[in-house]
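Handing you a structure now.
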Amino acid sequence: MTDVMPDPLTLAILLPLFGAIAAFLLPRAAPAIGLGAVVATAAAIAVLGHLVVQAGTIFVPLGGWGAPLGIELRADGLALAMLGLTALIALGVGLGALAAFAGETEVGGQPMARQRAFFWPLCLLLLTGMNGVYLSNDLFNLYVMLEVISLAAVGLAVLGGTVAALRAGLAYMYASLLGALMMLLGVGFVYLQTGRLDLAGLAGAPDSAALSAAFGLMLVGLALKTALFPLHFWLPEAHANATAPASALLSALVVKAGLYILLRLAEAGPFPGEAILTLMGVLGTGAVLWGGVQALRAERLKLLVAWSTVAQMGLIFVALARAGLEGLSDSWRAAALLILAHAVAKAGMFLAAGRIKDVIGHDRISELDRSAVRPALAQLAFALAAISLIGLPPSLGFIGKWSLMEGAMMAGNWHWVAVTMAGTLLSVAYFTRALTGFLRFDRVRAPLDEHRGWALADAPPVVLAGLAVGLGLAAGPILAVLDLGTPFGAIP
Amino acid sequence: MIALSQATIYGLAGLAVFGLGLMGVLGAAERLRRLIALNLCAAGAGMVLIAAAWRSPPAVPDPVPHALVITGIVVMVSATAVALALIRRLHSLETDTDD
Amino acid sequence: MPGLALLAAIGTPLGLALLLALPAARGLVWRALSFAPLPALALALFGTVPFTVSNDWLILGSVLGLDATARLFLIPAALVWTAAAAAARVWMAGDRRATGFGLCFLFAMTGNLGLFLADDAPTFYAFFALMSFSSYGLVLHARSEEALGAARLYIAFVLAGELALFAGLGLAVGETGSLMLADIADTALSVPTVALLLAGFGVKLGVMPLHFWLPPAHGAAPVPASAVLSGAMIKAGLFGIVATLPLGEAAYADLGVVVTAAGMVTIFAALLMGARETAPKTVLGFSSVSQMGIVALGIGAALMAPGAWGAVLPVLAFLAAHHALAKAGLFLGAGAFAVQHSPAARMAVTVALVLPALILAGMPLLSGALGKEALKTALGAGPAVWLPWITLALMLSGVATTLLMARFLVQLWRKRPAAPAGVESDGLVIPFVLLALAAAALPAIWPTVAGSAAQPIAEAAPGTPWPLVAGALIATAAAVASHTSRVGWSAVLSTLTAPAERAAARVGDALVRRRRALSRKARALPPALDGWIAEHRLGQTGIAALLVAVLVIGGAQHVAPTDPIAPPAAEQNGP
Amino acid sequence: MIDMPLLPLIILMTSLGAAPVLLALPERSARLRTGLNLAVAAVKVALVIWLAWKAAHGVVYDLRLSVLPGLDLHLQADPLALMFVALSAVLWLVTTIYSVGYLERGPHRARFFGFFSLCVAATVGIAMAGNLFTFLLFYELLTLATYPLVIHRGTAAALRAGRIYLIYTLVGGLALLLGTLALWGLAGTTDFVPGGVMAEVAAERPAAAQALFVLLIAALGVKAALVPLHGWLPIAMVAPAPVSALLHAVAVVKAGAFGIIRVVYEVFGIELAQGLGVTGPLIAVAAVTIIYGSLRALAQDDIKVRLAYSTVSQVSYITLGVALAGPVAAIGALAHLIHQGVMKITMFMAAGNLAEGLGVKKVSQMDGVGRAMPGTMAAFSLAALAMIGLPPFAGFVSKWYLAQGGIAAGQDWVIALLLGSSLLNAAYFLPLLHRAWFRDATPEAANAPARRKISLWLAAPPMVTAGFVLVIGVLANAPFSPLEWTRFIVTREFNGGL
C-alpha cells in the first residue's frame, strides 16, 4: 500500500465525508455529488472486499499510530458484509431519494429544494459514520463515529420539517446523546481498568467490577441507541415521522450501528456473564412482543413499520442470546444474518411505504384500499419486504430465523424458539393488516387508474425488497463472507 | 477500607453529577431543561474521565482521557447547538400552529 | 368374436341410454327399446358356454364371460326385459318424464344383464350397483307421495345392501386373494364374509326381514318397471348368492338355520301382510317376497348340507326362471288390466291373468308345481332334521300363493292400478300374454334351454292340486266371510239369489246384442289386423319370433351343441 | 443420460414466472391475460408429459442449490412427485379455463390470475420438493398465494374467512418450520429418502422421534384438514368457485395430504413409523376425521359448505391409507389423492355453475336443477356417485384398494369405517341428486331473474373432469392410469423401504 494511493479502508470513510462536504457546499449539485460519492464508496468497498477475500483480516493504522492507543482500522468478513450492505442500501435509498425529493411542492414541512439540499450531506455523513463504525478497531473511535451517526441521523429525522418530525427528532436526539454519553463513560471506565482502548485489549483484561460497570454502561448506551425494549420509546415516532428515504436509512442502518458495536464487544469479550446475555434475550422477547402488539394497534402504515423495527431489533437480541455464553461464538452469525436481512428488507419497506403514502396521499391503514390509484409496484415491494421480515422462506429473514432457532434448539433453549415463533405470528398478524389493505375491494367506485401508481421511483424499493427475499438463496455465500478473517475465532 | 483519594472523590462527584443529569433527562418535561440535564451528564462523564486520568501527583496525567473529554465536549457543544436550533424551530412552528 | 358379442350385449342398452341424452335421438331410442336386451339374449341362447374375455385395462382387470349357470339366469331376465321394454314404450308414450324413465330403465337393464356376464367381483359389483341405483328413478317415477315414500325406503335398503355387498366382496377378495367370482365361490370363506354377502344379496332378494322395501317399491313403480323389478332384478340377488357363496364347498350350519328359518317365516308372513294390502301390485310384491322365501329354503338347506347343492342349484335356476316369467307376466297383466276401458275387456284380462296366477300358485304339471316338487326331491339330500318342515312349508306355500293371487285378482277390480291416459292397450296385452304363455310353456322349453340342468325338473312329480284347491276354498270363504260380515247374512243370501234372477232376464237381450257386436267386429277384423300388424311389426312380432326361436333354435342347439356363437337373433329371425 | 436437466425448474418457473406478468397486466387486457393463462397452462401440461416420459425412461432429475451448509433447495422428479405435478398441471388447465369464464366480468382479474398462478407454482414446488426444507418453502408460498384468493370477494365474510384461514395455515406452517428444524437437528438431514432418515434417531431417542412425528403430522394436518385442525376449510368456502375447486381438489388440502405421505414414507419410513407406534393414533385421527366430516356435511344446507365437509372427510382417506402401512392401502391412498382431486374439482365447478347460472347456492334450492342445467348436473352426479364409491367410477377404485389394504393389514374394521363413510356420503349426496333430477323446480325458481345461460367456458370444464372421473375409474387398470402409476410408486416405496 503506497502513501500516494490511500487504502480502501480509509477511502471508505473519507469518500463519503468529502462527498458530504462537497454536497453541502454545492447544494444544487448535491444529488449528483451524493450519488457519485456513494458509487465511489461502493467501489472502494469492492476493492476492500477483494483484499479481504484474499487476505482475511486487514489492519490499517491511521496516522502512524497503532494499537493499543492509536487509531487503527480493521476489516474482516463481518465488517465487509456490513459495508457492502450499507453501500447497497445507501445506493438504493439514494436512488429512491432522487424521486422522493423531486417535486417542488411543499407538503407541509420544509420546501423540497431545501430537503433535497440537506438530504445528501446528511446521508453521506451518515455513511461516513456507519463505515467508520464498521472499520474502527478501538472503542474511542467507535464512540466518535457513533456520535457522527447520531447527529446525521437526527438531521435526517427532522428533515421533513413537520412539527411531529421535529418533536420526534428531538426525543431521538436526547436518547441518542444520552446513549452516547453512557458509551463515553463506559469507554472511560475501560480505559481506567485496562489502560488501552483497542478492542483487542478487552480480550485479555481480567474480570473486575469496574470492567463490569463499563460493560454495563456501554450496553445500556447501545441498548438505548438500538432501541432495545424498554428503551425503544423514541424510535417509532422518529422513524414514522421522517421522510421515507430518511426513515429507510434510520431504520435499516442507524440502529444497526449499535448492534454492530455490540457484536464487536461480544467478539472481543469477556462478555459479562450469562445473566446479562439472558437479560438481553428477555428484553429482546419483550421487544418482540411489545413491538408486535403495538404494530397491531398502529393506525398508520409507517408507524406500523417503525414498530416492526422495534420487534425485529428485539429478535436480533434474542438471536445473540439464543445459545448462552458458550454459543455466542456461533450465535453472532444468526444475529448478523438477521441484521443484514432486516436492513435490506426494512429499507425496501420504508421506501415502499413512502411511495404508497405519496401516491395515495395518506398512510392510514384502514383506508389504504380506498384510493383511486393503485401503487401496485410499491405494494409489491412492501409485500416482498414483509415476507422477509416475517421470515417466510426463502427470504434472508427466513435464513436468519432458521439459524436462530436451529442454534436455540441445539442448545435446548426451546423458549427462544417459542419466542421466535410468537414473533413470527405477530409479524404475520400486523403485516397482514397492511397487505389486506393493498388488495382493494372496490369500496371506492372510482375509476382505477393503474398506471399513475407506477414510476421509476418504484424500482429501488422493489429491488431492495426483492433482494431481501432473493438473498436467502445466497445465504451460503453470505455466511462465507461473514466468516472471512474468522471473527469470533475459528468456525466451529 | 478504601482511602478516599482525591481522584476517587472527583470520580464519585462526577458520577453524582452524571446521575443528576440522568435524572433530569429522564424526568424533566421541558425540552430546554432536558437539554441542560444532558449537558450536566456530559460534564459528569468528563469529570469521571479526568479523575481517571489523574495519577499520583508526580506523574504526568494520562493524555488519552483528556483527549476523550475534549472530544466529548466538542461533540456535546455541537449537539447542544443542533438541539437548540431544533427547539427554536419547533417553538416557532408550534406558536404558528397555535395561532 | 365373444368380445364383440359381449360388447353388443352390454353396449346396446348402455349406448341407447347415452343416446337418450340427445333430444334428436329420443324417438329412435324408444322405438329400439325392446331390442335392447336382444343381443344379450342372443348371446345367452347361442353362445358357447363357458367362455371368458379378459380386459386387463378395464376397471380392476375386468373379466366378462358366461357360464352355464349364468346363462340360465340371463335368458329369462332378457326375456322379461324385452317384454317390459315393449310395454314401457306404450306406457310412457305420453309421459312428460319419459326420458328420465327411459334413462333409468336402460341403465338398470345394462346393470341387470351385465351382472350375469361379469366374472370378477368389481365388475359384478359395478353392474349390480348400476342396476340398483338406476332403479331408484323407476320406483320414484310417479312422484306421488306413495312413490316418494317407496323410493326413500328403496334407496335406503339399496344402500345398506350395496354396502354389505362391498364389505362382503371386499373381504371375500381379501380372503381369496383373487378377484374372480369363480375363485371366491371355490373358497371356504369366513362366516362374517358369507353373512355379509347373504345380507347384501338378501336385500335384493327381499327375504325377510330385508323385504320392507320390496312391496311398496313394486307397487309404486310404473307397470313395466314393476315387471322388471320383480321379474328380473330380484333374480340378480339369487344369482349373486349362487355366484359368490361357496355353496357346496363348505358348510355354514348356523347361517343355514338362519336362512332357512327366514325363508319359512317369509313364505307365510308375506301372506299375512300381503292379504291386508289393498293395492294389487303391492300384493304381487308380497307374493314375490313369499316366493323368494321358497328360494331361501333351498339356499339355507345348501348352507347346512353342502352335498345338496349340486341338486338344488338347477332347481333354483328353474324356479327363478319360472318366477321371472310368471311374475313379470302378472305385473304386465295388471297394467293391461288397468288400461282397459270396458269392463268386458277387463274381465278378459282377468281371465288371462288366471293362467300365470295358477302357474305361480302351483297348478299341477305347470312350472310352479314342478319346481316345488323338484326342490323337495333335491332337498332329500339336505339336512334330515329340517326336511319334514321344509316339505310342509313348500306345500303350504302353495296355499299361501293361491290366497295372494286371489287377493290380487280381487283387488285388481276393487282398486284399479293407476295408468296413464291414452295408453294403447295392445302394447301391454301382447307382452303380458306372451310372458304368461312362456311361463306356461316353461316345463316344455326348459330341457331345450338348460340341457342336463333340466334333469330334476323333467323327473319331478307333477305335484298335487290340493294346496291350490285349499287356497281357493279359503279365499272364497274369506271373501264370503268378509262380505257377510259387512252386509249381514240375509243380504248375502239375497244377493246370492238375486243375480241369478236378473241374469236370467238379461241373458236373452245380451245374447242378441253380443251376436250383433260380434258380427260387426268380424267385419272390421281384417283391416284392423292389417293396421295392427303395421303398427306393431317392430316390437311384438319380434318377441313372438323370439319365443319361437327359443324353441326351434334352442332345440337345434341341443342336437348340435358345438355350434359357434351365432349372430344375434334379430338378424337371423327378423320379421 | 440427462437432457434438459433443468426441466423441473422450467416447469416450476412456467407458473412462477407467469405470476408477476399476470399481476402486472392491466385489468382491461383480458384477451392477453386469457391467452397467456391458457398458453402457460398448456405448456405446463406438455412439459409435465415430457418430464414424465423422460422419467419413465430412467432419466433422473435432481436439482440442488445449497442455502446453508448441508441444507439444500432440492427439486426432484420421482414418481410420487410426477403424480402430483401431473395432477396439478392438468387440473390447473381445466380450472384456468373455468376461471376465465367465471370471472368474465368480475373485478381484479389481474390479481386473481396472478395469485392463482403463484398458487399452482407452489403446488408444483411442493410436489417436486426433494427435502422437507424445500417442501416448507413452497408450503408457505402456497399459504401466501391462496390468501388473496380466499378473500378475493372482499366482503366482510371473506375477510373473516381469510383471517381464519391465515391463522390456521400459518400456525401450521410454523409448526412445520419447527418440525423441519427438529428433523434437521435430530437427523442432520431433511431429505426425502425412501425408507426414511430417522432410523438412528428413533433407535436412540424414540420419544423425540415420536414427538417429531406428531409435530409434523399436526403441521401438515392443518392443510390436510384433519380433525380437529379442519376449522378453516368450511369457512374458506366464501372464496369464488374456482378457488374452492382448486383449494379442495389440488392445492391446499392435497399439499397437506401429500406432505403426510412424504413424512410417513420418506422421512420416517413406514416400518419405523409402525415400530414407533404412531401409525395407530394416525389411523384413529383419520377415522375420526372421515366420520366427523361426513356427519357435519349432512347438516349443511349450503352446497359449497357441504362439499367442504365432504372434503374434510374424503382427504382423510389418504391419511388412512398411508397409516395402514401396507402396500395395498398405500395404493388406495395415492390413487385417492388423484381421484378425490378430480371428483371434487368437478363438484365445485358444477356448484359454481349452479350459482352462476341459476343463483342456486343451497341444497334446498336445488329442486329441478337437473332439467335446467343437465350437463352440469350430470357431471355433478357422476362425481357424487363416484364419491360414494360406486363402481366403475374413480372413487370406487380407491375405496376398494383401501378396503383390501385394511384386510391385508389385518384391520378388518377399516371396512366398517369405509361402509359408514360411504353410507354418510350417500346420505349427504343422494338427496342433492334426488332434488336435482327427481323434483320439479318451484315456479318462482324457474322464473327467477338470476337465471342466465352460462358460457361454454363454465359449462365445459366440469364435464371434462367428470369424464376423467369416469375414465380413470373404468380404465383403472390400463397402462398409464393413475392407479397403475401409484402401483409403480408403491412398489418403489416399499421395496426401497425394506
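All chains are identified by letter, namely A, B, C and D, in their written order; residue positions are counted from 1 within each chain.
Simple rule for what comes next: contacts are C-beta pairs under 8 Å (C-beta built on N, C-alpha and C of every residue); 3 or more make two chains touch, one makes a residue touch a chain.
As the structure is a computational prediction, the values presented were derived from the model and not from experiment.
Q: In how few steps can one go from subunit A to subunit C if every step must land on a touching chain?
A: When the steps are counted carefully, the minimum from subunit A to subunit C is 2.
Q: Going by C-alpha centres, which chain is most central here?
A: The most central chain, going by mean C-alpha position, is D.
Q: Give, as an integer number of Å, the spacing between the C-alpha centres of subunit D and subunit C.
A: Distance between chain centres: 46 Å.
Q: Using mean CA coordinates as chain centres, what's the gap between subunit B and subunit C in Å?
A: That pair's centroid distance is 112 Å.
Q: Any idea how many Å lie between the Cα centroids of subunit A and subunit D?
A: Between these chains, centre-to-centre, one finds 43 Å.
Q: Distance between subunit B and subunit D based on Cα centroids, please, to the nearest Å.
A: Going by mean C-alpha positions, subunit B sits 68 Å from subunit D.
Q: Touching two or more other chains, which residues of subunit B qualify?
A: In subunit B, no residue touches two or more other chains.
Q: In subunit D, what residues contact two or more other chains?
A: none
Q: Multi-chain contacts in subunit A: which residues touch at least two other chains?
A: Not one residue in subunit A touches at least two other chains.
Q: Which of line, ring, star, complete or other matches the graph of chains that touch?
A: Its topology is that of a line.
Q: Per the touch rule above, enumerate the chain pairs that touch, sorted by label.
A: The list of touching pairs comes to A-B, A-D, C-D.
Q: Considering only the defined contacts, which subunit D positions touch subunit A in the complex?
A: On the subunit D side, the touching residues are 23-24, 26-27, 65-69, 73, 107-108, 111, 133, 136-137, 140-141, 144, 147-148, 151, 153-155, 159, 162-163, 166, 170-171, 173-174, 177-178, 181-182, 184-185.
Q: Could you pull out which subunit D residues touch subunit C in their complex?
A: Contact set of subunit D toward subunit C: 374, 378, 385, 389-392, 396-397, 399-400, 403-404, 407-408, 412, 415-416, 418-419, 422-423, 426, 430, 434, 437-440, 473-479, 481, 483.
Q: Under the stated contact criterion, what part of subunit A meets subunit B in this complex?
A: Touch list, subunit A to subunit B: 69, 140, 143-144, 147, 150-151, 154-155, 158, 161, 163, 166-167, 169-170, 173-174, 177-178, 180-181, 184-185, 187-189, 191-192, 197.
Q: Provide the residue numbers of subunit C that touch subunit D in the complex, in ascending order.
A: 21, 56-62, 100, 122-123, 125-126, 129-130, 133, 137, 140, 143, 151, 155, 159-160, 162-164, 166-167, 170-171, 173-175
Q: Touching subunit D in the complex: which residues of subunit A?
A: Touch list, subunit A to subunit D: 376, 380, 387, 392-394, 399, 402-403, 405-406, 409-410, 417, 421, 424-425, 428, 432, 436, 439-443, 448, 450-451, 472-473, 475-476, 479.
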